[in-house]
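Both complexes shown next keep subunit A, but they swap its partner, so subunit B is in the first and subunit C is in the second.
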Partner chain A sequence: MQGEEFPFMKLELRKFTIKDARFGEVTGIEQGTLVINKQELVEFLNRDHSFAGVEVKLARPGEAVRIVHVMDAVQPRLKLSGDATPFPGALGPVEIAGRGQTNVLDGVAVLQTGKRQGIQEGVVDMAGPGADYSIFSRTINVVLLCTPHPATTDVEFDRATRKAALEAAVYLAGPTRPMVPDHVEVFDLGALENQAHNLPRVVYIYHLQSQGLLRETFVYGEHARELLPTILHPNEVLDGAIVSSNYIIACQKNPTYLHLHNPVVLELARRHGRDLIFAGVVIANEHSTLREKERSAKFAAKLAWQLGAQGAVITQEGGGHADTDLMLTCRECEQLGIKTVIMANEIAGAAGDLPSLVDTVPEADAVVTTGNNDELVSLDPVEQVLGGEDIAGVAGPPDAGLTIALGRIYAATNQLGATHLSIRGY
Partner chain B sequence: MQICTITSIALAVGANRILPAAAIPYPLGSPDLSPNQEKAVRRKLVDQALAALQCHVDKQTIFNA
Partner chain C sequence: MIRVVHYLNQFFGQIGGEDQAGVAPRAVANPVGPGMALQAALGSKAQVVATVICGDNYFAEHPQPATEEVIQLIRSFEPQLVVAGPAFNAGRYGPACGAVCQAVQSQLGVPAVTGMYPENPGAELYRKDIFCVETGPSAAGMRQAVSAMAVLGLKLAAGEVLGTPEAEGYLPRGIRKNTWAEKTGAARAADMLLAKLQGLPYRTELPMPSFERVSPASPVSDLSTATVALVTEGGIVPKGNPDRLESARASKFLKYSLEGIEDLSGAEFQSVHGGYSNVFANEDPDRVLPVDALRDCEREGKIGRLYKYFFTTTGNGTTLENGRKFGQEIALVLIADGVQAVILTST
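Right, the complex of A and B next:
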């Protein structure tokens, strides 16, 4: 493609700062305002009549709006080179992500909503005390509500809604193709394996939820549960190689948006060559049998060792028996002489005095908590509810003031660390 | 007596007798098997669990499935 200007794994994220959004006649960007032709977007997303209906609504930070049944969040993006999409494999052909130029609508998220079988939905409040807990209270949200035909199966609906969210993201970023970005961030880590520094080599072991349908992650469009742990270049993570299909426990899932913005990858990439060498990303699974968990943990640790790691940051997605994945990987790394830090949230009861994790190992002696799912939070009443007409498991009107567990708030204890809250001991 | 897929969790919660199960979504079965084969697997696990209950243990014990 761009030859010398773009070495193989050099990535330019070309960011267009979006400060507002409204519906209008022509989809485009007008002085920082995203304008959306709603009818055109709806007809595009439902051109194959996959849905009984598609609704598009807007929610801005500060508005008295509650979004319910949140399933996934995606950032509007456009790949400038060839036929590639910003979500290769999951949408369009498989190309290697993490190279070339990608346009990004900074400050915007597409939120896919709607009911799914047996899931635990996410809630996002755009104002009031609930807005402190989700990073999606601070984005301008294009809220999609796709409804299935009566005969549509769960599998078909899941596939169709994921495709619709990704297509909406590409549609919304489409008008930026000829435009000059407000800001460009370049990720050019060089050939990671050939760095001759004396700095400590650190890998990131990135557990992907992969227990089955509706608890799945896609890597280049294929099920993560089919993978043996493998190595990704950090740029691939930041450029759409990983797409979420995990709808379990709202506070502790990793939406597609946060795979693209993984704070661990961003921090390690920015510190690469300064105080550490970012030796690579190892993606690992979270399976539902002990044998597979052990296999994933042993292979992830082995790959970290092959990358010459002296240290590893390990994240999980989900809780309960996913704690076992985290702990097994931690133990395997430590036994190979790789020091570990793990990131996890807690399920510690409303008072925070119950055991936080269901599984532990003595080797896990450096742990960062991202919050307690069971903490109760009070939400103000709102003027408008988007994404549905009820909140699963909550009696009464969905626009009322509510006291709910933090676990219900979308990405509130995100285990990649994508939150605005921190705690300080005195 | 706990029939449990992730035996480390059963140890953590203090179960005395632990029998490894198939998988978290289907501890006593398998979607890959026919209903009759699945019933046989389930019967074997339950019989093993009942046998384990009759064993004396003086510490937390994982039985072989």
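Right, the complex of A and C next:
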């Protein structure tokens, strides 16, 4: 029945366009406005008393609001079929993602905020010059601030906050179950596969960073720390197979929201059957030791070869020694005859005159840059600050006008190529 | 009227060929050789008030004194703009033009412009610091080169904000500035890959940077008498981080005493580094800063002694500028305190 309507890896993203949000009596969608019963949501998220407190606030594009300590962003979603959740394994049972129908609140993000030990958070401004940079300045944001009990360990708190953000996402999309979407996007790559044999076969090698507590990326609910590179169908990426709990520096981590909207997957899928054959996604973790990095790079390149790839787009997550993973994978692919384009952001200093990466290989001759983290940007004062009361490393009140490194703005130079930011050499 | 001084080698300065390459710097109070074309290109806005000429070998063999002598001569004419060359692909002339332009800018505070073929070694040496118009390999391109240098020089002298290297005709100086592209990063990546697969031209957005190589110091001759220091970028600080070391993008390094400490305890020290999971470092900070192991070495006589302080910072998105500065300052203290060896732990 479901199987006949839906070939195995056919995905429908059923999109509900949300233009505004407010708190109200009953959670639901009224003519494009998301209405949230705040008390019900707070009680639901804290039903096990995991937190000392849960706050929910709203931030809309254009408001003089600054969100600080941003840890992750998730899109409200609901899986229509069976018992599955839109984040299989990370929330609820494991089902293969990327098939069937998924309802999506288009234009909304749930932002998890709050302090974490040893973490420097991201900043999102909803108005002013800072709003040019973050994709989350253009979403209606449901901002969660979950605070731990004094005795809660980092491990417990991390697990609870991740679950809360995902649960909030499912709760907010819940009312769409009986509703008709504004439009439906269909991903059925298999239907096109056989029509265009003369097009080049391209794979996407997708580095994930999973290196320990608060620096984890989850694949179907398990962290990728010991992952030997494996193959995902593009639809799995777009449908919640990958969930972030990686909170390091604001632009050196890929939020869950961007895993769901991976711009490289979307672009290669869009051009599938027309300019290229999108032969699959290889996920590879960025490990901590050189031996593991070499193993991962060689294995990822081998999988790309097995998929018949002639070309590969390679992205990274994080900087510093993550540059080594990017470079090794690039080199291994080129040595197997697979042509590569890699994507990276830069740490070129405030004046833009310092080396941009910490590792390079001569094979990396086709690079897309997503911006210099170190360039300074000035932010306007704001009327309200959500998510915390200070900004790490910034003296003075958090609502003041600030000059900070671009890399402090959440996802501004994100390494998946979601924005138009680039760099010109002078 | 903008006062311009023009720098030339002995050949273009009409002193002579290779036999005159050893001549010392001298000045002539009017345009010479390519200076005529330069004056014509500058038009009525500027005047070539002097030409400073130096032999190729003289400059190449004594670059430092030659630069000083040339700068002294240039200074005496109180220029508002200095033009050097063009040097095309001449291997001694190019570096000389680069050195002169760099010194004019830094010592006289006067704008300078030169012209070279991109493969001239002078371009590689100086393009980061100076404005160098891209020229052809030989003097056949003189007219074009001089006219481009004049246009750029007048803009520099007027203090105008310059456009892109492509628009203004100068060699990129490796300065990275954020800009908005027409397409998203992902779309640009797909375009670039398709071009690469089809053998069509494409332009990388990030030419691979080159790194400064650090040569290792010579081995310690006798470790059993040496003072050994522990330095880390692993973010180890006293519990509670009293001096507020940043978890990322560090702006400072800190120095703490190790006197009387046999073993770093998780009750007294912690890691604030944001780039790795701190769980194991917080359980036992010796895992990042191995004081316990060094104390063993001390007792066993493998090392003379452990230096009584440790230095710490966070190497997580920290700029190269800061890293270099921290390293230099830490090294000065270590040398002053008679430390012979350092164990530098990284994470």
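We adopt the following convention: the second predicted complex is superposed on the first by the 412 of 426 C-alpha atoms of A that agree within 3 Å, B and C clash if a C-alpha of one lies under 4 Å from a C-alpha of the other, contacts with A are read in each partner's own complex, and residues count from 1 in each chain.
To be clear about the criterion, contacts are C-beta pairs under 8 Å (C-beta built on N, C-alpha and C of every residue); 3 or more make two chains touch, one makes a residue touch a chain.
The model shown is predicted, which means the values in this text are computed figures rather than measured ones.
Undergrad: If you stack the two complexes on chain A, which partner ends up touching A:Ile249: first (subunit B), second (subunit C), both, or neither?
TA: It touches subunit C, and subunit B stays clear.
Undergrad: For A:Thr289, select first, second, both or neither according to whether it touches subunit B, subunit C, the two together, or no partner.
TA: After superposition on chain A, A:Thr289 lies in contact with subunit B alone.
Undergrad: State whether A:Thr324 touches subunit B only (first), subunit C only (second), both chains, or neither.
TA: After superposition on chain A, A:Thr324 lies in contact with subunit B alone.
Undergrad: Counting touched residues of subunit A, say whether subunit B or subunit C comes out ahead.
TA: After superposing on chain A, more of subunit A is contacted by C.
Undergrad: For A:Ile347, select first, second, both or neither according to whether it touches subunit B, subunit C, the two together, or no partner.
TA: It touches subunit C, and subunit B stays clear.
Undergrad: Based on the superposed arrangement, let me know which partner A:Thr360 touches: subunit B (first), subunit C (second), both, or neither?
TA: It touches subunit B and subunit C both.
Undergrad: Examine A:Gln211 and indicate which partner it touches, taking first as subunit B and second as subunit C; both and neither are also allowed.
TA: In the superposition, A:Gln211 touches subunit B and subunit C alike.
Undergrad: Determine, under the contact definition given at the top, whether A:Gly407 touches first (subunit B), second (subunit C), both, or neither.
TA: Touch status of A:Gly407: second partner only.
Undergrad: Under the contact rule defined above, give the subunit A residues that sit at the interface with subunit B and also at the interface with subunit C.
TA: 211-212, 288, 360
Undergrad: Can you list the residues on subunit C that touch subunit A in the complex?
TA: Per the stated touch rule, the residues are 128, 162, 164-165, 172-190, 192-194, 196-198, 202, 204-211, 235, 246-249, 251, 271-279, 315-317, 319-321.
Undergrad: Spell out the part of subunit A that touches subunit C in their complex, as residue ranges.
TA: Its residues touching subunit C are 117-120, 154-155, 200, 202, 211-215, 248-249, 252, 263-264, 266-268, 271, 275-276, 288, 310-313, 318-320, 339-341, 343-344, 346-357, 360-362, 364-375, 392-393, 405-407, 416-426.
Undergrad: Report the residues of subunit B in contact with subunit A in the complex, numbered from low to high.
TA: For subunit B paired with subunit A, touching residues are 5-9, 12-13, 20, 22-25.
Undergrad: Considering the complex alone, what residue numbers of subunit A touch subunit B?
TA: Counting only subunit A, the residues touching subunit B are 211-212, 288-290, 293, 321, 323-324, 327, 358-360.
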